[in-house]
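Across the two complexes that follow, chain A remains constant while its partner is chain B and subsequently chain C.
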Partner chain A sequence: MHDIYNFVSGPLVWVSFIIFFGGILYRLISMAVLAKKKDVIVYEYMSLQYGLRSILHWIIPFGTVKWQKNPIFTIVTFTFHICLIFIPIFLFAHIILWKESWDISWWYISDIAADVLTIVVIASCIFFLVRRIVLPDVKYLTSISDYVILGIVAAPFITGFWTYHQWPGFRIMGIIHILSGEIMLAAIPFTRLSHMIFFPFTRGYMGSEFGAVRHAKDW
Partner chain B sequence: MAEPAIKNSEQIDKIVDEGIDTGIARLTPEKIEQVINKVLKTETGARLKTYVETCVHCGLCSEACHYYLSHDNDPKFSPAGKVKQTIWEILKKKGKVDPEFIRRISRIASTECNLCRRCAMYCPFGIDVAYLITIVRRICHMLGVTPLYQQDTAHSHSANLNQMWVKEDEYIDTLQWQEEEAQDEIPYLRIPVEKEGAEIFYSVIAPELKFRAQLIYQAAVILNVAGVDFTMPATPGWDNSDLCMFTGDNEMMGRLKKAHFETAMRLKVKRIVMGECGHAFRSVYDVGNRWLAWKMPPIPVIHAVEFYYELIKEGKIKIAKKYEGAVTFQDPCNISRGRGLHEMARYVVNATCEEFIEMHPNREHNYCCCAGGGVINAGPPYKMKRIKGNRIKAEQLFAAKARGAKVVIAPCHNCHGGIEDIIHHYGLDMELYFLGDIIYKIMEKPV
Partner chain C sequence: MEKRTVMVYIVITLLVFSFAVISGFSQEDVSTIQDSAFKEKMRPPVRFLHDEHNETALIEECNTCHHVYEEGEKAEDESSEDMECSECHALDDGKNPMSLVKIYHVRCKRCHQEKKAGPVMCGECHVK
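What follows is the complex of A and B.
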């Protein structure tokens, strides 16, 4: 078991980080090349000013009519996404690992805060799940892969929480946790989670078309 | 769990459409596969790929679409729902689909989406569903499957360079006829034809000649009273409209825009001013020019709303007495979301009307009239579908009426057609005008 742990928390971490960063780079470059070949229009009309203007409105809670119209959803999705990125980076347990292997460390949140935020993320995932099952329009768009993706995202939070609280089987759970975190990282560039990579470009392009050509707002 | 794209065959449209039916009869699975893959391979790339892979299936765009809202939130009519039934399916099957599938997607693309782009303002990623639906129309066009009436209009474009089979002499006669009529009112009035070096090329759409000739009369009055140096060509190229843009016939769209721009160049005018038409503006300002590799139109293109704004602001048109009676205003997508003219439009409405009552939502967020994007041109077979597909517009208008509005102003030919039907079908009992109608009524005219 110790061997598995070492493997999962050693080489596999490397692998997942390489897939994560390499994958992002690969997706960005290959898409840029494809766009140059087939959609030069995107380069022609992309405007830094109007692109950023639109992105800014959309990443501010209640910054758009859409966000204002669905306040509950807006609060959930924003807390979910902020915690999603914030927790793993500023978690004490993670920073310890960085400290041990690289001797680097930074500010971290208290364990209580981590617990609370983790529960918030898990609850948000349940919210998304219920929404997917209950709302007919979302259900219509849903395929099995959407549940899988939601599972991939929820897994590190559930298993991390389990391990931290040393519930039964927490040693194995610890290994599963690390694995699930690695799977999530590796999945980001190659599944719909790649929306993280492409959001600035799709939104920025629409913002540019609306702003620079059509002189209208797109939020 | 996973939902099939189409639940059962009973939901498939039963409307008979000769254009689609004959087109389908000629198809084989091999031909379909070959055409689809050719279009995907040669004409699409990063945008299609990114839009499809980035969509997180969240349904946030649903409530943007008037079809969805008007059909009691039926998921099949949500923007992403329409993409699922068409593009996702095509990609999943790699083009291996049967003729019946093409029938369905032709219906969806040509009669269940107005390409109004409202959903792009509700999807957090700004996924351009209108663009994706345009790809579907392009595929259907390449397969020869287009609603009969739309295709007829496109044929007229290719045979005559105008939308309604108007012959050259018929066009010139109509201008002359309207000139003579208007001279009874303003004796010095002219509609100068082929005047080289004029400031403005005034361009219209064929339906104005065919059945809204009074619009040419009114425009002539406005232009003459304002002392504008304008001209209209005597040759094909006078029509700025463009149904080919909506059937997926990009090559023809290019020819039409080329003729239009070249006419302007030949006449050596400084700008093109067009009548109150939304889709024509989109084709000249935003879409057709791109096909010809003009990033922006080679010559300034001004929509009537912006032109009226200039005339009133500069005092070239003076208001004798404001229009009495409360009005509300329909923001046409192609000039609000498409060109941000909504504030200028409000300036004109407030300058010409006693009382202005906003409908909600408005400006960029206004609902489409459900006639645009070529849908009204799909003709009588789909008329009821189009009217039922925009119950929400009736509700929106009714709310404005409840607050006092008696008149709807819609500065777009398609909006006009669509809203006229809606007013009639839902018994709204409101009057409907173009901005030009109002200005003509209330402006100071020489006596």
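What follows is the complex of A and C.
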């Protein structure tokens, strides 16, 4: 058990962070090169002003017609995305690990808050799962990989919750928790989770084309 | 009150008292890690059987854990078992407990990781 713990909490953390940051760089550069070769028009029309204007509307809850038409989805998706990034960064149990390894620490949320927000994330994942199964248009666009990705995202939160509450088998669950977090980090650049890095560009380009060419809103 | 009744009461009181004293002594070794510098408890206290731990871990020198550092060097002949860790390991900014949490974790967990024995995960020490 010590060997496994030392391995997943040591070298594998390095591996996952290197894949995460290296992967982001690689995907950004290779996409930029590909666009230059096959779709050079993207560079012609990309506009900072119209791009940012569109991004701003889309990152504000109910800031677009789509968000307004689907209020429940809007609330769930915004809460989910904020919690997804917020919880792991400001969790006391994570910060103490940073403190032990790098002697750095920052503000943290209470364990009760973390508990509640984690339940929100897990519930959101169930919502997304049901949505994919129930809504015909979403179901049509869903492939197996979408379920796998949803599982990858939900796993660290379910296992973390389990470990924190010291439910039966929490030692194994703790190992799986660390491992699942590392899998998620490594998966971000190379799956549809890459919308994390590409959304400013896809949204920015849409905004640019709609703003500068069609003189229309895209929100 | 009858003399006999009084005697019974006295005996019962003595029995209860001696039980409390004996159980108090017999649990001397059963304790939790405490440090008065920790004000807000984020996790349950760590149960620690001092003598049993040191027998299992084959620790003979007090200053393996209760060390004293002078000018960055560990003083081999000195130990600090009469002190709280926080007397030397001061809190960041005088109030942030993170640095103190860290030194406790480094003392216990890192040794366990190196020796590949003993608890290393949060819930193994901070048992709910």
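The rule we apply is simple: the second predicted complex is superposed on the first by the 219 of 219 C-alpha atoms of A that agree within 3 Å, B and C clash if a C-alpha of one lies under 4 Å from a C-alpha of the other, contacts with A are read in each partner's own complex, and residues count from 1 in each chain.
FYI, a contact is a pair of C-beta atoms (placed from the backbone, for glycine too) under 8 Å apart; a residue touches a chain by one contact, two chains touch by 3 or more.
Please read these numbers as outputs of a predicted model, since none were measured by experiment.
Visitor: Specify the outcome, clash or fit, for chain B and chain C once both structures are aligned onto chain A.
Guide: fit
Visitor: Regarding the shared-chain residue A:100, is it in contact with chain B (first), chain C (second), both, or neither?
Guide: The second partner, chain C, only.
Visitor: Put down the vertex angle at chain A formed with chain B and chain C, C-alpha centres only, nearest 10°.
Guide: The C-alpha centres give an angle of about 170 degrees at chain A.
Visitor: For A:203, is the partner it touches chain B (first), chain C (second), both, or none of the two (neither)?
Guide: The answer is first: A:203 touches chain B but not chain C.
Visitor: First (chain B), second (chain C), both or neither: which does A:6 touch?
Guide: In the superposition, A:6 touches chain C alone.
Visitor: Answer with first, second, both or neither: which of chain B and chain C does A:38 touch in the superposed model?
Guide: Touch status of A:38: first partner only.
Visitor: After superposition on the shared chain, which partner residues are touched by A:66: those of chain B (first), chain C (second), both, or neither?
Guide: A:66: touches chain B, not chain C.
Visitor: Which chain, chain B or chain C, ends up touching more residues of chain A in the combined arrangement?
Guide: The partner with more contacted residues on chain A is B.
Visitor: After the two structures are laid over each other on chain A, how near do the C-alpha atoms of chain B and chain C get, in Å?
Guide: Here the least C-alpha separation of chain B and chain C stands at 36 Å.
Visitor: Under the definition above, what is the set of chain A residues touching chain C in their complex?
Guide: Interface residues on chain A, with respect to chain C: 2-3, 5-6, 92-93, 95-96, 99-100, 103, 105, 111, 163-166, 170-171, 174.
Visitor: Quick check on the complex: what are the chain A residues that touch chain B?
Guide: 31-32, 34-35, 37-39, 41-42, 44-45, 54, 58, 64-66, 69-70, 73, 135-144, 146, 192, 194-195, 198-199, 201-203, 205-207, 210, 213-219
Visitor: Using the touch definition from the top, list the residues of chain C that touch chain A in their complex.
Guide: 42, 92, 96, 98-99, 101-102, 105-106, 109-110, 112-113, 116-117, 120-124, 127-128
Visitor: What does chain B use to touch chain A in their complex?
Guide: Its residues touching chain A are 1-3, 43-47, 49-51, 53-60, 62-63, 68, 73, 75-76, 78, 80-81, 84, 120-122, 124-128, 286, 290, 295-296, 336-340, 342, 364-365.
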